[in-house]
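Labels run A, B, C, D and E following the written order; every chain starts at residue 1.
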Amino acid sequence: MIGVVSYLAFFLTMAGILAIAVLGLNLQWGNTGLFNGGVVAFFGAGAYGLMILGGRPEAGQFGGFQLPFPVALAGGVLLAALIAWAVGILTLRLRHDYLAIATFGVAVAFESVTRNAEWLTGGAKGLRGFHRPLEAAIGDPFLFSLAFLAMVLAFLAAVYLGLERLVRSPYGRLLRAIREDETAARSLGKNPARLRLAAFVLGSAVMGLAGGLYASFYAFISPQDMAPILTFQIWAMLIVGGAGNNRGAILGAVLIWAAWTGSGFLLARHAPAEFQLYTGTIQYIMIGLVIVGMLMWRPQGLLPERLAISQTGGEAARRSASRDLTGRETE
Amino acid sequence: MIQNLLDGVLTGAIVSLGAIGLTMAMHMLRFANFSYAELMAIGAYVALVFDRLFEALIPAARAAIGPLSLNWALAAALVVAMAATGLSAVAIDRLVFRRIRQRAGPLSMVFASFGVALILRNLITLIFGLKAQLYSQEIAFAVILSRDPLILIKPDQVFVLAAALALMLIFHLVLTRTTFGFALRAVAENPALAQVAGVRLSAMVAAVWMIGGALSAAAGVFYALTNHLAPTMGHNFLLPVFAATIVGGIGSVHGAVLGGFIVGIASGLALQIMPSGYVPAMPFLIILAVLLLRPHGLFGEEQA
Amino acid sequence: MSGPALTVTGLEAGYVRDLPVLRGVSLRLESGSLTAIIGPNGAGKSTLIKAVAGLVPVTAGRVLLGERDITGLRPDLMQGLGIAYVPQTDNVFRSLTIRENLALVLRRAPDRARRLAQTLAMFPPLAERPGLRAGALSGGQRQMLAMAMALAIGPSVMLLDEPSAGLSPKAAAEVLELARGLTGRGVSILLVEQNVRETLRLADHCYILAEGRNQIDGPAERLRGDPVVAEIYLGGRRVAAP
Amino acid sequence: MRPKALMLAAAALAALAGAARAQECTVKVGVVMPTSVDWGKPLAATTQWVAELINEAGGVDGCRVETILRDTQVDPKVGVDAARALVDLDKVQLLLGAVSSGVSMPILTSVAVPAGVMQMSCCSSSTRFTDLAREGGTRGLWFRTFATSNVQAALAAMAARDRGIGTVTILYKNDDWGQDIAKLVERAMAGAGVEVLGSIAITDGQPSYRAEVAEALGKGADALYLALYPKEGISVVREWISLGGTTRFIGTNSLKSDEFREAVGLKHLSEFVGTDTASPRVPSAANFVEAYKARFGTPPNGPGLANAFDAAAIALLAYHAAGRDAKGADIAAKVAMVTDPQGEKVEGTPEGLRRAIELLSQGKSVSFQGATGAVVFDRWGDVSAPGVYWTFAEDGIRELGYVPLEEVDAFVASLN
Amino acid sequence: MTDGALLATRGLGRRFGALRAVDDVSIDVAAGSITGLIGPNGAGKTTLFNLLTGELRPDAGQVLLEGRDITAQPPDARFRLGLARTFQIPRPFRRMSVLENVMLAPAGQTGETIAGALLRPGRVRAEEARLRSRAMEILDFMTLAPLADHPAGQLSGGQTKLLELARVLMGDPRVILLDEPAAGVNPALTRVLIERIEALNRDGRTFLIIEHDMDFIMRHCDPIIAMAEGRVVFRGSAAAAMADQGLIDAYLGTPAR
């Protein structure tokens, strides 16, 4: 039984980390309408940032500053945000699909750097030498995995609550306004470019957080983690869960990751041996079909965006004559 | 240096062929189609099947054409592949993109195209396996044009370049000399007005897919002729083809052709300015540079 | 004038589902007449003409061409039936030359070359440089080309959406005079105009729309003298003038 | 709600697994390999074949070996998840795999080491593992039968020197293995007095390698050194030959494939010299080739097949020595007993394995003579190996010469 | 040109291809006035509005607000400087409530920044309460209070015009540009609109209004600027405009006789 719990803890840790990245994407796409085709670059920036800042020194290798975990994690997040800021300044004024291509290219370029800039990223052999936080102190691997899960879930909860607050705040109101009619928003003194940049940077920073947690979980990162398939997986999670809905984003992350690993699990057990060469291929086709099918028959996702009206006049509106100004909060 | 330039022109011709259809489809349907480059792989593999078939049926077709590694069977297979790829492009549009167009926004289409690309690529893997395949085992040797500096050119290369340019010329003539071409350009500029002017929109959309598929198939076969076939070949061309489209300006066929050559030559010369490992990022750098300097590409117009 | 060229009954149409712009409009376009639709901004004038041309989905009502029901027919088929629609803006293909624009609308005509030459002959300024890209034309010439494209197919019904918009008063008057002249050759014209005064002067019949519904209609002569119309649409100057 | 549903699903799966166990005594072994890529599948098949051989020879401590094969898709996330499921749900104490270092490493650091499970890889070559082991990060649980690239680099340099090649240009696959070997070869060539004119990365997934090849051609070296996999290898070498480049190639064992030989054509490969770490002097290697042919119908011409055979055989024999209820650390501790140079020599044939099982049961150590010869692990789980030169022939691969371990070591030492 | 001009242009020009939509236009909008902008369709009135609000960049000339050159400022900055506009075809945020539409407008809300929204919930709440009460006041003033919770997409054409004005008022602008406020609005609502405009004007707000309804213009606007073919063809009082027969004949149309 402990094995099942242990695997579940592991599964949920991974799903939780991915869910954080999906939440970041949801802010960009679901709430702001920015098509980020290079999720993996920001995820990777967080991961590499953490490893460079928090790892141990090595000959001929930049980094290895052995900074404490929270500092290294924050550094990774900051790196992701910085890259997003630079990319955003350059590309956010573009047409939407140009943005998708440009960010896709960013991911290719990022992978290229991780693969080749050996002094910085360890090159193709990757970076390691990171001590997981509290691993030594906890000792028992099982307890540690539970503790790590707790930490990931805490981060997930914090990100979720933070984004929910954001979406319900005047900031969210502004995002929705800009998504609906940019010209009108500009005529009311709003600067859509700045707002979009902020959302892009914040979303990317959240992806960077996920990347940092991922790297600290594996204590290893290499260009193999930077393949475009991660971008696709995270998108699939958002589309299936429901773009614009943070709970949908989390649900999508868990479901898609479960489908991805579960199909491997089942195919390994039940598919004939000669068939197994193609299990990966079949998995990709299945995921592709799920995405396309979802977009064809339920484009809004499992949990559609709730068009929450964040401010109502409440009582005030109903008793407009009395001009009651204590309209209740609708949080 | 000159050698790199020459090689860049060859890659450029293939990229151009791929970009022509993409630029029209992107312009007309208003979305970045990430599955587009997979049409090249479809074309190359269809040609492989028919090449083998024709060779088996008509042994005489195995004779190579002149100094080329192309034989008559493959030449016939190329024609079949162009038609078949065009039809599959139309079918994909009917099955997937048209439905999504009716239900969701253009960005859902972008993502759907990610999914379609994944399905197509893996279906090819499932059918043909991951192994690299060749139309012909023979290696066609290059001809030395000059010893100092060393300039080499392969007959296949010359043929591919000539054939690509011929296809582009034909297409150019169709666009500028026939009313069908006018209709294509009209739909690209203003679909609603084109309808009013008597153009059937759905027929034109199908025609664009058909042409794009055929040209992509040609690009795929030409590529496989000078390299090899692999299920990932379309994916490998994704960024270069997009780069060419954007450099030229979405909607501009001439821009796509020029963009293809620019991307090809730049990739050819990339090694002169950057370490070999970074070369894959070259198309992206071109995209970025063009978007910063001319957000609508060299020939593109601002879209309303 | 023998029977209506076009009959619209109870037309409902709109761009977004559940949000009709037209909420039941009816009209008759008599053969060989110039019939105008006027009304305030947002009344649904352009939508009406687009719905007739098949460019806006129709949710209820019918459009008859003569006896034939053409409700919601594809626009390219409408053109084949001899209905020419000239939009208000973007009514020519800027990337095509004058000749190519005309050849495009004539692409199904068996005697394309002859009809192209005929059409060009009707518009000397266009015939001067048929190889010029339409994007390089001035506003008036562009409007002229748009009219030429409509006329090239030898239409029985023309739908004109504010043909004088954005033109100088002289050019605007010319365009409207041209339209008027066409009715003499048996073309029936349905016209949307903002220029109420000029329209009432030229038109045979007039429909006034508001909020997607018929308000007033009648022979233009009668409406010219109608005090309500004068009050609302002709500036009500008799009231305001000192 | 959701976690509960998942728990139920997981519990149901666990119950299924339990039912299977009740039938007979079984030892489960996890195999994590990229079966969804072309070169991964034969490795997995070889591993499964070894398990069958062991079962026929009596099994691990009398129990049937059940291999559970999971695809890594060459994706670290997927590989780790698979390994984790094997360790947690199937309770395996032994993981065979993975292939790529980028997948093996996170499996080792986040699954095998924390859970105390032994991991043996056929093919991961990264020097990162040696570093990790030196720091104590592997806790002695990590082994690989793939020699560090040092041996092949040394062989390549010696080959160049012996053949009077004065200059070479290196083309290497731009991954961890390729970057590693390119550097080692550069150093070894310099030590052997061969000048390296250029070292060019070949990144996979490129539309064309024309520019890279033209660049290499421009260097005008006497020979071309190839550290590539068949897929890029075919593209690059065909391009190279068509441009009239020299056919003096020195290549790594990764090119040992029929696919490469056929696509390039034997007539262009007559001057090809390959390097490998196998030990064909020992009859066991030849026996492996025969047995493989008998089993799969083709010669073992894919990269790493011999290593995969030995990895599985040694690990399973150690498992046997440690007993059916052994933990990963126990199995790891018995590896030395299987590869003891003082022990009786046993081969990877059915008889050999039967003999090995018998001896190990008696508490005696054996010297396993596998497909790559007598494998000996150092303290860090690495193997050193003698070298062999090979080339392509009509029927596959032909060996050209054998370089004893001492000679390789002496050359490597001379570089320092 | 008066010194009291709150909003002015100098030699403003903008072409679209060969068309000079706005050609060398210099106008002054005096503080506290309700200035009417008239002219036939296509005269360049809306283009001028777009140039004034920064939606379009001019090819030539300047836009001045209180004598300060704001030509280079984007629309959002101009709104924050006190220059607000409504649209000819209203652009409400349809999927947001009427109240939200209005609460959106004020600049510099703490909760509009990520940091503010996340880190200063108390302050955001207080600000929101204040904004809500002010928004309800304005909605009440515009007779929209009963509709505060309705999605703006459900309003009638006339109501959305009121909503646009309410939204703009929330930003407390000094100059308000109205593009055909009365078009498509039923007479009852038009009356409300006019009353409100005049009340706001009495409070010291300046209006520049494009309108086709001559009655509206003549009764409520002074002075009047007439444009045709991208140029200013008349400047002066409503009475003077009425007296200028040439202007009436050429550009405003001759009344039916």
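Keep in mind that, in the parts below, contacts are C-beta pairs under 8 Å (C-beta built on N, C-alpha and C of every residue); 3 or more make two chains touch, one makes a residue touch a chain.
Because the structure is a prediction, the values reported are computed rather than measured.
S.K.: Considering only chains that satisfy the touch condition with chain C, which of them also satisfy it with chain E?
M.R.: Common neighbours, chain C/chain E: none found.
S.K.: Work out the mean Cα position per chain and let me know which chain is farthest from chain C.
M.R.: With centres defined by C-alpha atoms, farthest from chain C sits D.
S.K.: Name the chain pair with more contacting C-beta pairs, choosing from A-D and B-C.
M.R.: A-D
S.K.: Between chain A and chain D, what distance separates the C-alpha centroids? Give it in angstrom.
M.R.: Centre separation, chain A to chain D: 35 Å.
S.K.: Any idea how many Å lie between the Cα centroids of chain B and chain C?
M.R.: The mean C-alpha positions of chain B and chain C differ by 43 Å.
S.K.: On a C-alpha centroid basis, what's the spacing between chain A and chain B, in Å?
M.R.: 33
S.K.: For chain B and chain D, let me know how many angstrom lie between their CA-based centres, rounded off.
M.R.: Distance between chain centres: 39 Å.
S.K.: Going through chain D residue by residue, note those that touch at least 2 other chains and give them in order.
M.R.: Residue numbers touching two or more other chains: 37, 174, 201, 203.
S.K.: Would you pick out the residues of chain B that each touch at least 2 other chains?
M.R.: 275, 277, 280
S.K.: List, in ascending order, every residue of chain E touching at least 2 other chains.
M.R.: Residues of chain E touching two or more partner chains: there are none.
S.K.: Show me, using the given definition of touch, all chain pairs that touch one another.
M.R.: In this structure, the chains touch in these pairs: A-B, A-D, A-E, B-C, B-D, C-E.
S.K.: Mind listing the chain E positions that touch chain C in their complex?
M.R.: 17-19, 40-42, 88-89, 153, 157, 180, 183-184, 186, 212-215, 218-219, 228-229, 239, 242, 250-256
S.K.: Sort out for me which residues of chain C touch chain E in the complex.
M.R.: 19, 40-43, 135-139, 162, 164-169, 194-198, 200, 210-211, 224-225, 230-231, 234-242
S.K.: Which residues of chain A touch chain B in the complex?
M.R.: 29, 33, 35, 90-91, 93-98, 100-102, 104-106, 108-109, 112-113, 115-116, 232, 235-236, 239, 278, 281-282, 284-285, 287-289, 291-292, 295-296, 299
S.K.: Which chain B residues qualify as touching chain A in the complex?
M.R.: 26, 31-32, 96, 99-100, 103-104, 106-108, 110-112, 114-119, 121-123, 125-126, 239, 242, 246, 275, 277-278, 280-281, 283-285, 287-288, 291-292, 295, 303
S.K.: Per the contact definition, I'd like the list of chain A residues that touch chain E in the complex.
M.R.: It is residues 162, 165-166, 169-174, 176-177, 180-181, 183-192, 198, 202, 307, 309-314, 316-317, 320, 323, 325-327, 329 of chain A that touch chain E.
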